[in-house]
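Paired with chain B in one complex and with chain C in the other, chain A is shared by the two complexes that follow.
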Partner chain A sequence: MNARSLLRGTYGRLVAKILVLAFLMTSLYNVVTFSQSTRDAVSQSFDDSAKVDMYGLTDRMTDPTMFERYRESVTNIEKVTRFYDALEQDAPDGVQLLSAFDQAMPVADFAGGKTFAYGYGTQESVQGPYEDPILGTQVVDVKSMQLSKATFDFYNLAGQDGVDLDWGAVDYDSGTIPVLLGAGYDGVYAVGDRLTVDYYFKPTQMRVAGFLPPHASMFYQGDINFFLDDHLVVPYPESITGAPESDRAFYGILAFAMLNADIAVDQDQPDSAVFTALQSAATTSGFDQYALLSVPSYLTQFASVRALVHDNFALVMTVELLIAAASLVMSAILTSSASRRRERRIRIAWELGQSRSDLGRAVLTIVALEYVGLAVVFLAITHMLPNHDSAARTLCLVLIALLGAASLQRRRTQLRHTVRHRPRNEP
Partner chain B sequence: MNRRKLLLSVVLLALFSALGAGIDAYATIRSAVALEGGDLHSATAVRLDSLGVLDQAELDRTPLTGRLFQDLDGSGHFRVVRTLGRPEPLPIHDGRQMRATDEGVALIGHQVATRSDDGRHYIDYEGQAFLVIGRLGVRADSGLAHDVLLQDWDLASVDGAVVADVEGGAQALPGRGADMAEPVGGRTDQRTNIDYVSPIVITCGWALTLVGSSASGVLVAGFLRPVAALRYRLGNRRAHVLLRSILPLALFAGGVFVTVWGVALASSGALRSAPESAAAAGVPLVLSVVVSAGALSVSLWGRSR
Partner chain C sequence: MTDLLTLHSLTKSVREPDGSVRQIFDSLDFVMGSEERSVALLGRSGSGKTTLLRVLAGLDARYDGEYVFQGVVLPKRLDPLADHRRTHIGLVAQSYDLLDDFTVERNVLFGARGLEHPERRTREALAVVGLEGMGKKPVTKLSGGEAQRVAIARAIVKRPTLLLADEPTGALDEDTEGDILALFDSLQEAGTSFIIATHSPRVAAACHRRVTVKDHRLLELEDAP
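Moving on, here comes the complex of A and B:
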């Protein structure tokens, strides 16, 4: 008795079983990649350490002429930079200054498309290319985000493939600043490329140090879903106190830009912690033209977006369980229906004097056919899908092998049962 | 058919009917969660600088499905909406969805104050009263707790920016919409690969449902075959034999359908859509019965007395 004669009349059930299990495995493969991406999203943005009370810090120089006059004095600028340093370096534990400012950055001979232009996709309108008087060439205002190391670390931002910003090498006086580009810039610029920009009316070179991973995000201006894919990420120096006086205009604007910050206060800190920190910074620096706003929307959004990410996860898991239950039940029914039919033939073959090992081999062939077929169909489907995750694929293949082994074990037992106590006419 | 086979048939029918209904409920809730995570815009929504770029007359003639939004106070949380066709349901936890024909109605978040009158809730805007028909958010304390959606497109200004979220994306918009469109993005969904995984899971689920219910049909036909063959041998006409075999099966399928549909409606809350879940629960059953009848008639018409 060979496998083919055992299979006769059960081909339909064999194919149906392979298909049913292949759908299960394909969905499982994708759910595994999804659960990995959910874990990454939660650890990037929704870790408990990011559950903080957020405050917004800004200056009170709303009047442009007053702002201009204030910036003319070196002493005033020193006050601002000392105030920043005091908050950045001497703030008590649990209080963090998260300085970030999104700025239209004029880039000369920009190679990217309009999606990178400042204002694209927002309520603001997009300005086309124009002649920049400082650089004397055509520029495009692109989206950029200037931020401090504390901000970068707080939002768990990091370069792709372990390529990171060397914060120690950020030196604005050198005229070259290492920058990270959002994932959308992949293919537009490469690591090592240099961009000529007009950074607050000062011609500056920006060297591409690396790329952010896709969908890197931070909380900015009341929006927790602020994605940096189309942004130029420009690091702030650690401190600009004692900057050369020749660049007073540049550092004057930069000092105020750096003052645009959120203050993250750990939830176990008293409400007064942030006021105490600001007051002591104001006393040591002499700068008191700041304004503090409470940003309750951070915690609300933090909670609701985290809940949505978890909702998605729970939904996908529920539907996957449903699919798994249905396909396993169906596969069991198909198997038992087919094997009942095969059992009759095995019994007859046994009574006709076939050896037990021959029958065992035929059963093994059938199981191997089923599960190798399943593995092939699964690999073919996942090969056609655009995303590839070898770990998830290996996991699914191991699962297929385990299912196959369990099935073989079950059929062997069944075979033993079929031929036991069954007399046969030995020749 | 003995009792074991009868039970097995009913289990098979119920299994794939429940799977179909379950996947439909999943797809509905999932799209609501996606809309909630994207400020009520889907991943294909686009922003247009002004409503004026859309050809208004053409817009009324084109059978579009989706929504148009315009911000009323600059906050992004107080919007006027126009519903086109029957789009994906908005995330609500109470009340009902807006229909294209509704005028002067509002969907609001849990925290928004309303004016109560005769047991009905209203929200006033520019001297006009809007009847509150439902509460936004998959759950009460969601990110939409302070949002207001008013449906009265006369409030929209021609110069104001609009977000158009229609099936087919910007290309489907009449007028110069497609050239001026800027994508708004999938927002919270961008954090994970859910946009990519969810359709695959739904496809696999439906493929399993269809293959499974067809295979069930063939299996059940196998259960029915011996008795049917005997009846035929005893002199009954083929059509009569077929009818007597399939009718009880169809009755069982009807019972399964009512049960599964009822459970599906009861468990999907305010997001439910009766016709869609009926279709999702019914299609696998119909398929099983039809395949079963087909397999049985092939075997009946293929044999002679």
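Moving on, here comes the complex of A and C:
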């Protein structure tokens, strides 16, 4: 007897079982990826350090002409840089400036796909490739996040595999800035690669220092999980006070860009703490063209989103358990039904003189067919899903292998039983 | 001339579900000569007829004593016994043991695996049992007698030396039983030996020799019961 003879009449049950188990594995895969992203989100954005009131800060230069004119004055730029430094470095304990800005970066001869392009996945149009007058070559505007060390640390961002950003090496005057790339860039650029960027109209080299882990995210402009997978993460310098005269235009824009920030205030601070800090910085610097945006209740968002995540997690786990139970019951019924039929064939083949090794091979072939088929279907389904998590996929494949091994062991036991025992009520 | 088979001091006991040990055979001896064509194996239900057939078929190797087939002592290991069964033994059960979703032909072919010219042998076996032209018929459409003929065809397709039949006519009416006995006669004339476990006096009478399992041994019966 070969596997085909054993399978005859049970192909439907075999396919049904594969589909049921593939459904189970896919839902398990989704739960694992969901719980992973939940853990990441909680650890990155919702940990204890995030129990703060968050205020939005920006400048009041809404009129481009006014903005342009203001930046032309060295004195004004110095006011802005002093204001930034005062908030960044001299703010009282419990008040922290978190500077971050998602200005697109025109990158020359960009090697990545369109998913990295600024505007991709949004209603904005994708810019590039186009001829950049500063670099004199084709560029693509790519997604980028420029941020300060305080912001980087606040959101627990870190490089992959222990390769982190050396903030001490961030020297804008050197013309080369170390940057981190989002996990989506893995395979596009490698550590050590250099990107030529038009950074606020200044040709700048950016050296890839490392990659962020998958699903790295931060709070940005009300988005509780602003993912950085497709972003070029550019560190701000520690201070821009005393910028060289020759780069006045660049530092003028940069100073205003760095003012795009949130101010995190510990909850144990009085409500007036942020106003006091701003007033103090304004007095010190002489810059008062700032605006404190509506005070988003970050903590409320934090609490509600966290509750939502946890509630959903509990719901998903409950649904998953129900799916698992139903799938296992269905699988057991299908297996039992097919096994009964096959067991009878095995017994008859054995009585006709077929060897146990031949029968064992047929059983092995069927188990291999079932579980390799299951793995293939599972991989095909997860390939089509939007969420990709290689760890979760590997976990499910290991589980499939274990299920296959257990199934093989059980069927070998059944085979031994079949050849040793006479079934009841049968001669 | 070497005997077809010999059992020396066959002793076997089984453990019942309640843990007690039940003796099935105790120093049972049996000889079947190479010229003997049919032996009826009689005895009360539960006396051990089927167990003895399973030992003779090499399906049960857990016994004490010795089983010699055509002068060769058979090992008490299932794999070599499967080889022995494939080469020498045909089995026919009361419940036919056919594969329901196979046709007549495929059921018989199932018994011809590993043989040369399996299709030709299958056609010949079906002709011997009188089922020519019915090869493509699903076995679920067969009468009891026809199904038993398919089971016999499957057993004889490999041309076994010995055919072991367990209540082969137990589920058949008298006329059909007569047909099956006639078929057995013709097969015996062609050289196949039979051991038939039966409760049927008619089947027993049709055999050349009758033995009964009694007190864990085999006793010869002189006359038909």
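Here, the second predicted complex is superposed on the first by the 267 of 427 C-alpha atoms of A that agree within 3 Å, B and C clash if a C-alpha of one lies under 4 Å from a C-alpha of the other, contacts with A are read in each partner's own complex, and residues count from 1 in each chain.
In the analysis below, a contact is a pair of C-beta atoms (placed from the backbone, for glycine too) under 8 Å apart; a residue touches a chain by one contact, two chains touch by 3 or more.
Note that the coordinates shown come from a computational prediction; the quantities given were computed from them, not determined experimentally.
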Q) In the superposed arrangement, does A:Ser337 touch chain B (first), chain C (second), both or neither? A) first
Q: Applying the touch criterion given at the start, work out whether A:Phe23 contacts chain B, chain C, both or neither, answering first, second, both or neither.
A: first
Q: With the two complexes superposed on chain A, say which partner A:Gln409 touches: chain B (first), chain C (second), both, or neither.
A: neither
(Q) By the touch definition at the top of the document, which applies to A:Ser327: first (chain B), second (chain C), both, or neither? (A) first
**Q.** Chain touching more of chain A, residue-wise (chain B, chain C)
**A.** B
Q: Examine A:Gln221 and indicate which partner it touches, taking first as chain B and second as chain C; both and neither are also allowed.
A: neither
Q. A:Leu352 contacts which: chain B (first), chain C (second), both, neither?
A. second
**Q.** Partner chain in contact with A:Ser73 - chain B first, chain C second, else both or neither
**A.** neither
Q | Doubly contacted chain A residues - partners chain C and chain B | A | none
Q. Across the complex, what residues on chain A touch chain B?
A. 12-13, 16, 19-20, 23-24, 26-27, 30-31, 33-34, 37-38, 40-41, 45, 120-121, 123, 125-126, 215, 217, 225, 227, 300-301, 303-305, 307-309, 311-312, 315-316, 318-320, 322-323, 326-327, 329-330, 333-334, 337, 385, 387
Q. Which of the residues in chain A come into contact with chain C in the complex?
A. 1, 5, 8-9, 344-345, 348-357, 419-420, 422, 426-427
Q) Which residues of chain C touch chain A in their complex? A) 50, 54, 57, 59, 78-79, 82-87, 89, 91, 93-95, 97, 99, 101-102, 110-111, 113, 154, 166-167
**Q.** In the complex, chain B residues that touch chain A
**A.** 8, 11-12, 15-16, 18-19, 22-23, 26, 29-30, 33, 36-37, 47, 49, 71, 138-139, 141-143, 145, 161, 182-185, 187-194, 196-198, 200-201, 204-205, 207-209, 211-212, 215-216, 218-219, 222
